[in-house]
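A quick write-up on the structure given underneath.
In this document, chain identifiers A, B and C correspond to the written order of the chains, with residue numbering beginning at 1 in each.
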Amino acid sequence: MLPGTDRMPDVIPWLILVPLVWASLAFLRGPGRGGRLALAGLAVQTGLAVKLAMQISISGVQSHAVGGWGAPLGIDLYADGLSAILLLLTQVVVLLLVVYARAYFIAHPEGVSYFWPLTGYLLAAMNALFLSADIFNIYVTLELLGLTAVGLVAARGGTESVGAAMRYLLAGLMGSGLFLLGVALVYGTYGTVSIAVLAPLIEAEAPSAVFVAVGAMLVGLLLKTALFPFHFWLPPAHGEAPAPVSALLSALVVKASFYLILRLWLQPFAPLVTTAAAQLLGLLGMAAILWGSAMALSQTRLKMLIAYSTVAQIGYLFLLFPLVTVTSQEAAESALQGGVMQVVTHALAKAAMFAAAGTVILSLGRDDIGGLGGVASRLPVSIFAFALGGITLAGLPPSGGFIAKWLLIDGALNSGQWGWVVVMISGGLLSAAYVCRVLRRAFLPMEAGARFNSPARALEWSAFTLALMSLLLGVRSAEVLILLGIR
Amino acid sequence: MSTALLFPLTGAALFVMGVAGLLLQPHLLRKIIAFNIMGSGIFLILVGLGQRGGSPDPVSQAMVLTGIVVSVAATGLALALARRLLDLTGKMQLPVPGEDAARDGPDA
Amino acid sequence: MNLNEALPLLVLGSSLVPGLIIFFLAETRFRLRTALNLAGAIIKLLLIGYMIWGVMDNQSYHFRHTVLPGLDLALKADALAILFVSLSGALWLLTTLYAIGYLEDSPHRSRFFGFFSLCVTATVGIAMAANLFTFFFFYELLTLSTYPLIVHRGTDVAIRGGNTYLAYTLTGSAVLLTGVVWLYDLLGQVDFTYGGTVASLGSEYDGQLKIIFVLLIAGLGVKAAIVPLHGWLPQAMVAPAPVSALLHAVAVVKAGAFGIVRVVYEVYGAEFSESLGVLPPLAVAAAVTIVWGSLRAIWQDNLKRRLAYSTISQISYIILGTAMLGLISTVGGVVHLVHQGIMKITLFFCAGNYAETLGVHKISGMNGAGRRMPLTSAAFSIAALGMMGAPLTAGYVSKSYLSEGAQQANIIWAEWVLTASGVLNAIYFLPILYRLWFKSQPPAWPRKHIQARGGKETAWLLLIPPLVTAAATLAAGIFSESNWSPLFWVKIIAVREYSP
C-alpha cells in the first residue's frame, strides 16, 4: 500500500509527521495551492491509520517514545483501540473531504487562501491529540487544534466569519486555559502528567486540589466541545465557514475534545467521578438535545440548521456518562460502545450533510431553506446523501446511528435508568423532524426563475460516499467494537 | 506564608482576574490581555507547585516554556483577528450575532 | 454459504438490486427500467415458488449475520413468512405492471421505481425476519422508503400527507423500539418461535411483560392503523394509486398487522398472552377499530378515502382473529392477511382506473361507470362483494372462520361486531355498485388521461392487474379447501402454533 512500509514498523510518529510535512509544503506553495499534496498526504495517512488499527488488533496497545527520550522530559505517544478508531475515522473523513474541497474551491474560491496548510496542521494536531499519553501534551495539541480551526473559520475574511472566528478563539482559549489549570494542579499534586502513571496514584489518594483540577479540566473541555450551555460559539463558527470547513469542524474537531472527556473520565479520573456529576452531564446533554433541535427547527438557513443539529447531537453523546458511571459492567460496556458508535456515525453523517448542503448552496446560489424547491430532482445524489445522513442522525435502521442508539438504550435499560431512554428516543424523533424540514422543501417543485448551476461530480459523490459509510456501519459495526475492546 | 504557597495563590488570583476580564471586558484588546494574565496565573501555579523541597523542577519549567510559546502564538492570532475586525467594523469589539441584515451575496 | 442460506438473501436481492440500479438510471431509459423491474419481480416469484416447494418438503431456509454479539440480522422462511412473502411477491409483480401503465410519461419515474423496489425489499424483509431486531430493521426501512412514494407528486397536500405519515410512524417505531430493546435486555436474542419464548422468564416478570406488550402493540398499531392511531392513513391517500394499492394491501398496514401476528404467536405465544390477560384489551381495540372504520367510511364521498377507512376496519379483522384464543380464529385472522390484500388491491387498482381514465375521484361521479368500463367495474364489484363477505369470495372464508372462532372462544360480542361490520360494509359498498351498474352515464366524463387503443376501456396494463386479483378473490373463495389455497397454508401455521 505504501512504499517503505517495512522500514517503518512504527507508524505512530508518521501519523503526526506526514500532515506536518505536506502542510508546510502547501504553505510554501502559497495561497490556494496544495490540494494535490493534501490528497497524497491523506492517502498515506489513511494507509498508516489502517496499519495502526491492524497492529493494535493483532498485538494490542502500541506506544512510542518520541526521539527515544521517554517520559518525563520526553514525550510518550500511545494508541489503543479507541485512539485507533478515531484516527481511522479522522483520516477517512478528511480524505473524502479533501476530494470534496478541491472541487468546491474550484467552483467557489472565496476562503481557499490557506485552507490546505491549515487543514494539514489541524490534522497533525488532531492525530497527536489522539495519540497523546500525557495530559500536558494533550493541552498543547488541544491548543494547536483550536488555533488552526480558528484560522479555517476566519479564512473567508468577512465581518461574520472573522467575528465568528474571534468568538471561537476566545471560547477556545478560555477552555484550554481551564484545562491547563487542571494540568498544573494535577502535576503539583502528583508530580506527573502521564495518564498511565496517574491512574493508580489517583486511585490511592485524591486531595481536594485534584477535585478542583478535574472540575476545571471538565469545564474547559465542555467549553471546547460546545455542550449546552457552552454552545454559543458553535453555530456561527460552523455556519459561517465554507462548507468543507464546516464539515471538518462539525464532524471531527468537536469530537476531539469529547474524546478527551471520555478518555479522562474512564481512565485516570474514574475514582473521582460521581453519579451526580454524571447525571448533570446527562441533563446538560438533554438540554442540548432539546435546545439544539428547537433551534434547528426554527432556522431559515440550511447551514445554520445543520450547525444547530450538531449542538443537539453533541448533547446525545453526553447521555453516555450517566450510563457508564457506577453502573453494572454490562450496562457500561454497552453504553460505551453505543457512545463511540455515535461519535463515528455522527462524524460521517455530519460531514456528508455539510458537504451535501455546500453543493446545494453552490448550485442554487442561496442558502435559505425556503428556496430548496426542485433540489430533489436536480441534485438527487446530494439530497440522497443528506437524507442518508439524516437517517443516521435520527438513529434509524439500517444506519450505524441505529446500532448506536440500540446500544445506548440497552445500556440505559440495563442500568435501570428509564428517563434516559425517553430522552434518547425523543432526541431521535427531533432529529427526524428537522431533517424532514429540509427534505420536504427539496421535494417541492422548483421556483420559477430560480438559477441553477450543475455542480462537479466529485462534490456530489464524495458527500454520498461519506453518507453511505455511515449507513453501512449499521451492518458492519462489529469490527469497530472489537477494536474498541482493546484497551 | 511560605513561598511554596505564595506562588500558587498569586497564580490563582491572576487566573481569576484573567477569567473575569475575558468574560466581562467588551474591548478585544482587553480580552487578549486578560487571556495573557490568565495564562501567567496558570504558569505561576505550575512553577510554584512544581518546586519540591525548594529546588526548581525542570519538567514544570519545560512545560511553562511550552505554554508560553503556545500563548504567544494564540495572542498573535487573536491580535490579527482583532485588527481585521477593526478594519471591517471600525470597532474593537465582537460583532453582535444575528445582525444578518448587512450580509450581502450568497455564501456557502 | 449454501443455497438454503442464500435463498432468503436472493429473495431480498431480487428487488433490492434492481431498485438500486434504477435509482441511477436516466429518466429516458424506459425500456431498461421496465426490464429490470419485471425481471426482478419475476425472479422473486420464481425464488418464492422454489421456497414454497422446499418448505412443504420440510426444508429450512435460514440466513444469519451477526451485527454485534447477541444481535443478529436473521432471515428465515417459515410457513408464516412464506405466506406473506408470496402475497407481496405476487402483488408486487401486478402492481409494477400497473405502475408502469399508470405513470406513463410522468416525471421522476426512476426515483419512483427505485423507492418502490426498496419498499418491496423492506416488506419481504419484514416477512422473513427471524427475530425482533431484524423485524424492526426492515420495518423502519419500510417507513423510510414509503415516504418518498407518498410525497412523490410534490404537491402541498402530498407533502402534508407524507409528513403526517412520518410523524405517526416514526413515533410509533420509537415506541416499538423501546419495547424491542427492553425485551432483548430481558431475554437476549428474541427469535420468533411457535408458541413464543417469553413464558420462560417466570411469573415475576409478568408486569414488565405486560408493559412491553403494550409498547410493542402500540408501536405496531400505528402502521396497522388501530383506532386511535389511524390518523395518517386517510391522509396518505394522496399518493399515486399504485402506491396506495401497495400500502393498503401488502406493505405498510399489512406490516403492522403481520408484526402483531408475530408478536402474539411467536414472541408471547397465544396461550401465554391469554394467561397474561393482554388479549381481551387487544380484541376490544380491534373491535372498536372495525366498527369505527366502517362508520367513517360511510360518510366519505372521495372513493379513495372511503377505501382507506374500509382498510382501517378490515385490517383489524386480522387483529381480532389474533386476539381471540383458538385455532379457528387464528386461521380466520391470518388468512385474512392474504384475503384482505388481494381484495383491497383490486379496489385500489379500479379506483386508479376510474381516476385516470374517466377523471372520476368521487363516488357521486361514478354513475354509469359500469357501462363505460365493464371489466374494471366487474373486478371492483367482485372485490367489494368479497369485502362484504359474500359467499364464493375470499372474504366469506375469512369471516366465517372469524365468527366461528368467536363462538369457539366464547366471545359473543365479537360475533356481534362482525355482523354489524358486515352490515356497515354493505351500506358503504352497495350504493357504489348501484351507481356503477344501474345509473345512467353522464353526458361527458370529466377528463380522459389515459387514451385506450382499439376501443378498450382503458390501457391494458391498467386492466390486467385488477382482473387477475379479482379472479384470485373468487378462486380463494371457491377453491378454499384445495391444497394450494391460502386457507390450507394458514391451517398448517395454526396447527403448528397450537401443538407445541
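For the reader, a short list of remarks on this structure follows.
The criterion applied here is as follows: a contact is a pair of C-beta atoms (placed from the backbone, for glycine too) under 8 Å apart; a residue touches a chain by one contact, two chains touch by 3 or more.
These numbers come from a predicted model, not from an experiment.
A linear topology is adopted by the chain contact network, the touching chains following one after another without closure. A summary of chain positions shows that the Cα centroid lying nearest the centre of all protein Cα atoms is that of chain A.
The geometric centre of subunit A is 43 Å away from that of subunit C, both derived from CA atoms. One finds 25 Å separating the Cα centroids of subunit A and subunit B.
Mean C-alpha position of subunit B lies 66 Å from that of subunit C.
Shared contact sites, meaning residues of subunit A that touch two or more other chains, are absent.
Within subunit C, contacts with two or more other chains are made by no residue at all.
For subunit B, the set of residues that touch two or more other chains is empty. Residues 337, 376-377, 380, 384, 391, 394, 396-398, 402-403, 405-407, 409-410, 413-414, 421, 425-426, 428-429, 432-433, 436, 440, 443-445, 474-478, 481 of subunit A are the ones that touch subunit C when the two sit in their complex.
Residues of subunit C touching subunit A in their complex: 23, 65-69, 71, 73, 107-108, 111, 133, 136-138, 140-141, 143-144, 148, 151, 154, 156, 159, 162-163, 166-167, 170-171, 173-175, 177-178, 181-182, 184-185. Subunit B makes touch with subunit A in their complex at residues 8, 11, 15, 18-19, 22-23, 28, 31, 35, 38-39, 42, 45-46, 48-50, 52, 57-60, 62-63, 66-67, 70, 73-74, 77-78, 81-82, 84-85, 88-89, 94-95, 97, 100, 102-103, 106-108.
Within the complex formed with subunit B, the residues of subunit A that make contact are 72-73, 104, 108, 136, 139-140, 143-144, 147, 150-151, 154, 156-160, 162-163, 165-167, 169-170, 173-174, 177, 180-181, 183-185, 187-189, 191, 193, 236, 240, 242-243, 303, 358, 361-362, 365-367.
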